[in-house]
Amino acid sequence: MRGNRLYKTFINIGGALILGLLLSFFITLFINSLPSIKKYGFDFITSKIWDPVFEKFGAFPFIIGTLLTSFISLIISIPFSISVSLFVAEYYENTFFSRIFETLVDLLAGIPSVIYGLWGFFYIVPIVSNIQIKLSISPTGVSIFTASLVLSIMIIPYASSIAKEVIKLVPNDLKEAGYSLGATRYEVIKNIIFPYAKSGIFAGILLSLGRAIGETMAVTMVIGNSIQLPKNIFQPGNTIASIIANEFTEAVGELHLSSLIELGLILFLITLIINLFANLIIKRHGFEI
Amino acid sequence: MIRKILSIIWFFLITITKLNAGVELTGAGATFPYPLYSKMFDEYYKTYGIKVNYQSIGSGGGIRQLKEKTVDFGASDAFLSDEQLKEFDGEILHIPTCLGAVVITYNLDLPQKIRFTSDLIADIYLGKITKWNDGRIRKVNPGLNLPDLPITVVRRADGSGTTFVFTDYLSKVSSEWKEKVGRGTSVNWPVGIGGKGNEGVSGLVKQTKGAIGYVEFTYALQNKLPYGIIKNKSGNFIEPTVESISEAGNVKLPEDMRISITNTESKKGYPISAFTYILVYSDLSKANDKMDYEKAKTLANLLWWITHEGQKYTKSLDYALLSKEAQKNAEKLLKKLNFNGKMLLK
Amino acid sequence: MKILKDRLFKFMVIFFALLILLPLFSIIFMIFKNGFSVINLEFLTTLPKPPGETGGGVLNGIVGTLLLVFFASLIAIPLGLIAGIFLYEYREKKIGEVLTTFVDISQGIPSIVVGIISYLWIVKRMGHFSLISGSFALSLIFLPIVAKSTKETLKMIPVYIIEASLSLGVSYPRTILKVVLPSSIGGILSGILLGISRISGETAPLLFTAFGNPFLNFNILKPVSSLPHLIFVYAISPYDNWRKYAWGCSLILVIFVSLMSFLNKLLLKKWKIKF
């Protein structure tokens, strides 16, 4: 790198900052989780009880809730994400129509999550409530399913924007070759574009997952905030992010607070790993997002 | 050029930090009395120009922030236990500000209010009674056409004094509850979905047919939700009203005001009533780093006002004002307020 | 048969793609329907009234959000620029690649975790909630966005421009500062707009830092309100006037975010940037 000493030093501060940031996040979370780690050890992850009165804390219901909502929302969102990316990058590539559409999808990504929560609370909850009545379940409206629905809409833009970029990168001559052999559009997509773009699409999906796992506000307003393990997806549940938001300012005992921070640590590590994975895949395919 | 910009920004920062340096008090805690405090602090500001920033993060939050010394005063419906008091590095005073009640609200279309007995409520919240047309409920409500709907139990998701009052009541009337769950600002609920704050619970109940929830009286009224009539210790079915709530407080009160009046002895008292408190360090110099004599005096005056002139705002918001005895006890407690030994009120 | 599959697939793709417009329009409709009638001069210029009283406004939230974003920008933009330049300078080296990955990962950290960190680092040390702790939390989210977009934009500047400047005798640091950065301003600005749009809607990190305030506050050491916080607190309250505030705030926020997005698009078009 060129430049004089002063410049280099100045720049290196920037680097140190980035390095220091993630590291110090981890250290802070870890140190403050110690009381809880020491007391519960590994059982923290498997224990189902969250009892502030008798000071027994276990993360299991929240881990399950987080995993359930994230994966269900992912599954729901995938067909939409892929459709959006194909729509914009293939079928209507470079048309006025698709540019407007892209703008609208960006809008979807820009809506603050607390507003998604509002919308979910007033519009989706009554719909799910009706479904619950038909299934003869307690018509709370709020449930794991409700949260998954709202989440699925929120995470669509994350996967679709990456998938769209990858799909655009598929070399035209490959596609032309397919068409010249008489393939239909569908066949080109299925046999040429998808195999070529599949790891990029996968990375995009991973990023969606990462977002879903960490989402707080929208989830906490529609999930029901139950501390029991839900028996099915139409029952209320809770996620790690949601319970931290609910109880953090009010945790009265040191152990309670430490347990919440330990939950935060777990969340931090999970999203870290998922994002790392996604990034490595993208890097391997030589394009940046 | 950059230097100029930096110095302008620095100047700006300093200026706006110096501005607004007037006395401002920060408090946090109970959602139970939030509408009342909101009104009181608004009036106090109009009259005296003192800003009070109160955030209703729940009684658990009030206690915690008081301990962490991030606020000037806390607010809680739950009074501190002896163990909890030991965790503070100074004496904590419980200043009663008013009485409120926890009512049982529900979402059903019925021509009259449902009557509950204490064991019914306990068993519903234990998950033992799951349908509205359960025989035991019908027995207490002859002539009421209770529907064949599942009971959706709603409770608090956050740490709450309202929860404390409610679980305190349940612990008194049900030994099973006392053993299994106990009382606290946050408990391990056997059943139920959680709403954030009284607002969240009343919101959820309003949205769900067949739901039952416990909320502070005002919230039920505001949401125009029906609430139950409950049988008290003396065997009378009492409807929550400002009068019956005050009645519940008509018992012998201890000097430090740490008393639970749930399941009250008072004959005409509503059984799930409670005092709500503002918690302060008696030696305000211990409150936090930013407290000084000026601020402490302002806080002391505010608390005196709340327990005297401020009481006139209680009725219109459906809170019960302090009885003469409660007020006298409050005065004695307030007179203990000092700043490093220097008394704040005469 | 092949044609049928092809047509069917195309139909499905279009169907699913357009279907997502349904929730989008539903949300926009909901906010406009409920929020439009709320917004008036009083709403934008006065403070909230106690429950049950009509009138009042959300000036504390509007000013709070502006202040929070302003101070977060003061922290995140300069530091983000420096970090971004670092990533650019070392982009061919291992350290650059690793730290770029770090920055990418940081963008995926849940905002609630950012809130916890800020509480432990700032609020606990200071002893009280404050505007500056809120801004700090927001800057933790903002910084990686600025760093990333700075790096990406700088990368796109053709090498010959740098070489030309150097051959004229301009020192390297000066070249970066006076030639490269200014030409990258479009992309950098785009990243900044994106960041501002993102952080103005964040609620979770402010729950444990800015705390909220029913009054106006310009003091960085005191608690402050914000639009997302007001939405969260007022939306599910049982008081009509408070719920109205929540809708009004939602409308303001959505308009603001859309504006940022629109400006961003204009910017990208004008500078013909392709990320």
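Read from first to last, the chains carry the letters A, B and C; within each, the first residue is number 1.
Methods note: contacts are C-beta pairs under 8 Å (C-beta built on N, C-alpha and C of every residue); 3 or more make two chains touch, one makes a residue touch a chain.
Remember, predicted model here, so these are calculated numbers, not experimental data.
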List the groups of chains still linked by touching once chain B is ignored.
one piece
If chain centres are mean C-alpha positions, then the most distant from chain A is chain B
B-C versus A-B: which has more C-beta pairs touching?
A-B
Distance from chain C to chain A - Cα centre to Cα centre, in angstrom
18
The distance between the C-alpha centres of chain B and chain C, rounded to whole Å, is 36
Any chance you could list the residues of chain C touching two or more other chains?
236
When you check chain A against every other chain, which residues touch at least two of them?
121, 249
So chain B residues touching two or more other chains come to 28, 195-196, 203
For chain B, which residues are in contact with chain A within the complex?
28, 57-61, 63-65, 84, 150-152, 157-160, 181-189, 191-196, 203-204, 207-211
So, in the complex, the side of chain C touching chain B is made of residues 49-52, 74, 123-124, 127-129, 211-215, 217-223, 236-239
Which residues of chain A touch chain C in their complex?
1-4, 6-7, 10-15, 17-19, 21-22, 25, 28-29, 32, 79-80, 83-84, 86-88, 91, 101, 103-108, 110-119, 121-123, 153, 156, 184-187, 189, 207, 210-211, 213-217, 221, 241, 244-245, 248-249, 260-261, 264, 267-268, 271-272, 274-276, 279-280, 283, 288-289
Chain C residues touching chain A in their complex are 2-3, 5-6, 9-10, 12-17, 19-21, 23-24, 26-27, 30-31, 79, 82-87, 89-90, 95, 97, 99, 101-113, 115-117, 119-121, 140, 143-144, 147, 152, 171-173, 176, 197-198, 200-204, 207-208, 228, 231-232, 235-236, 246, 250, 253-254, 257-258, 260-261, 265
Please give the residue numbers of chain B that touch chain C in the complex, ascending.
9, 13, 16-17, 19-21, 24, 26, 28, 35, 38-39, 41-42, 45, 51, 53-55, 68-71, 195-200, 202-203, 206, 219, 222-223, 288-290, 317
